[in-house]
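Common to both upcoming complexes is subunit A, partnered first by subunit B, then by subunit C.
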Partner chain A sequence: MGDWGFRISEKGAEVLTGDDKEMAFTSKYALFKGSTSGTGQTTVSSGNTNTVTIAHGLDYIPKVRAYADVAYSGFAELPVYGRITVLEDYQCWCYADATNIYLKFYYLDGEGGGNHTFNYKYFLYKDKGKL
Partner chain B sequence: MILFYNKIDGRIFGTIDGRVHNREQLKMYVSQDPKMEIGKYVIGFLEGEKGERMGQNLDKMSLLEKFEDITPESPLDYKVDVETGELIKIQNEKLNS
Partner chain C sequence: MADFGALVTLKGYDAENCPDRFLAFSSSFQNLKTFSRYSVSVTIPTAGNINTITINHNLGDFAPFFVVYNDTSNDKAYFMSGKNGYTLHNFIRQYANKLEIDVDGDYASWFGSAGQTAYFTVYLFLDDFATVSEEILSEAGSAGASGNDYGIRVSKDGFDVDNCTDDQLAFSSSFFTALVNQKGIDDAGGASTILHGLGYIPSALAYGQRDGDDFIKMAEGMPYYLNPIFGGRTGLFYSVSDESLFMGYNDLDMVEFSAYWRTDYTFYYLIFKQRADG
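Here is the complex of A and B:
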């Protein structure tokens, strides 16, 4: 393979001969080449765990980041757990395999019978890296 | 943007962002109940195998812009009228009990 690719140098560095660490950007290494994102909402009954399954159509396990709005404090990156009130617990986490990404939402109302609606946002990054 | 909705009540429960969706992206789905029949409502373009683009619900592009910008307009505040296929803004409801 010849010397080809894409480099952007830092100020004062020679783009053709500079070290990789002098580059603001180089295509020499694996990097995220695109992403898919989305939003959603799921309502969890007390004591249950809802699973949001998103098929990504890739043949490898992608990097995924997800956020959920929890406990009136805005969106927090998953995994996150805590209490909404002294009697209401929640846990949110996510993972991926070569087919889907999975967002999990658990909610428990100590008084029973309640439910909670989580809003979520996810980002799926496309790059096989060295997999 | 692909909006995923419950075919029974039209409620939108998930989205995939973007304006042009290829076949790979169309394979994506969001499901929280395996028994739920899921509808897909696309605003933007579907991209064919040869790169051709087919517009979908382009009359909703101004609404899509609102979904994309920093205004609080969210696709989750809408539902699909299962009879007419139109998007309807739903009234604020108390979500948590």
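Here is the complex of A and C:
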């Protein structure tokens, strides 16, 4: 392959002699690319796991990443699990297959009968989750 | 610095007044560059044994990474978790020149069962954690929605830009990218709080290094409840709010019987322009 391509340096870096790390973009290394994102909420009854299923329309298995409002302060990246209170357990994770992405939300109220609402955001990437 | 550079918006946004988070590219901001992707596998061992996958990358620095578990069927993609949703963070070590993944037979059910093959996809990024301070060019602006067929595409080396697949592109203005708002290393002597100034909840990647270790581990999403005496989890965690990124190693104080943030950790982080909350 000949010596050609495309590179743009970061501010203050010399585009002709700068290290690849100093480039804002170089065609030698692909940028990490996303295509869509979405938000929503799901309310889980105690003892159950809700599955949010989203068709991705790609002909391969993409990479997916997600956040939910289940953190000690703010949002936490999935996978995340633990307790909301001493008596309430939860677990959230995400994955993709060749057809859909799946967001999983489990909740258990130790005192019984409760439910919990999770707010989430997911990112679907063009980059493959399986090569 | 003179007012020059290159900037590309996502489709539908005006390049003259586009909020930073809707840029596909800007020479003002760093962007995660994929150094390499790896497809690796190992046999799940029996209890009491550990099989380790080693990827020698020779980058010479701690580099951002993540791992996707492809299950024993090699047809799914779990981000940093086993098939049961439990986190893999504690099984993965990133050294300056190699990355290791432990498949521990004591946790065989997280992957499948002993004797099966566990498949993984690993992403390594070229970037390091050299400090880049927060810079916000624009949070105002609006979309000038358009369905016109225009934009910029750059293919990866060896692929035809006219007809390659999306995965074979190095860049496209059709897709959002991981624009870096700020990054760095923080040795706070306890939990670390990094202000980001974005005014919304951004996505992030966080890692931690315990004093004396020559590797980093990826931080997990931080649970609500942290007191280990009553079932709270210990571990390396992070969370993001509309003001800051919070990182810490939550542990049990055996004297006070309460949770505390370990003081022997250094944190490595990237905060992106992307919103995690809407």
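One rule holds in what follows: the second predicted complex is superposed on the first by the 104 of 131 C-alpha atoms of A that agree within 3 Å, B and C clash if a C-alpha of one lies under 4 Å from a C-alpha of the other, contacts with A are read in each partner's own complex, and residues count from 1 in each chain.
One rule holds in what follows: a residue touches a chain if its C-beta (ideal position, glycine included) is under 8 Å from a C-beta of that chain, and two chains touch if they have at least 3 such contacts.
In this text, all values refer to a predicted model and were calculated from it rather than measured experimentally.
Contact with subunit B, but none with subunit C, is seen for A:H56 once the two complexes are overlaid on the shared chain.
Counted by residues of subunit A touched, the larger count belongs to C, out of subunit B and subunit C.
Once the two complexes are laid over each other on the shared chain, residue contacts for A:Y95 go to subunit C alone; subunit B is not touched.
Contacts of A:N48 after superposition on the shared chain: neither subunit B nor subunit C is touched.
In the superposed model, A:T39 lies in contact with both subunit B and subunit C. Residues 37, 39, 119 of subunit A lie in contact with subunit B in one complex and with subunit C in the other.
Those residues of subunit A that touch subunit C in the complex are listed here as 1, 5-6, 8-12, 20-21, 23-35, 37, 39, 60-86, 90-98, 104, 106, 119, 121, 123, 126-131.
Residues of subunit A touching subunit B in their complex: 36-43, 50-58, 114-117, 119.
Contact residues on subunit C toward subunit A in their complex (touch as defined above): 1, 5-6, 25-35, 37-39, 68, 70, 74-81, 85-87, 119, 121, 123, 125-128, 154-158, 166-167, 169-172, 174-178, 201, 203-204, 220-226, 230-233, 237-242, 246, 274-278. Across the complex, subunit B meets subunit A through its residues 4, 13-18, 24-25, 27-32, 74-76, 95-97.
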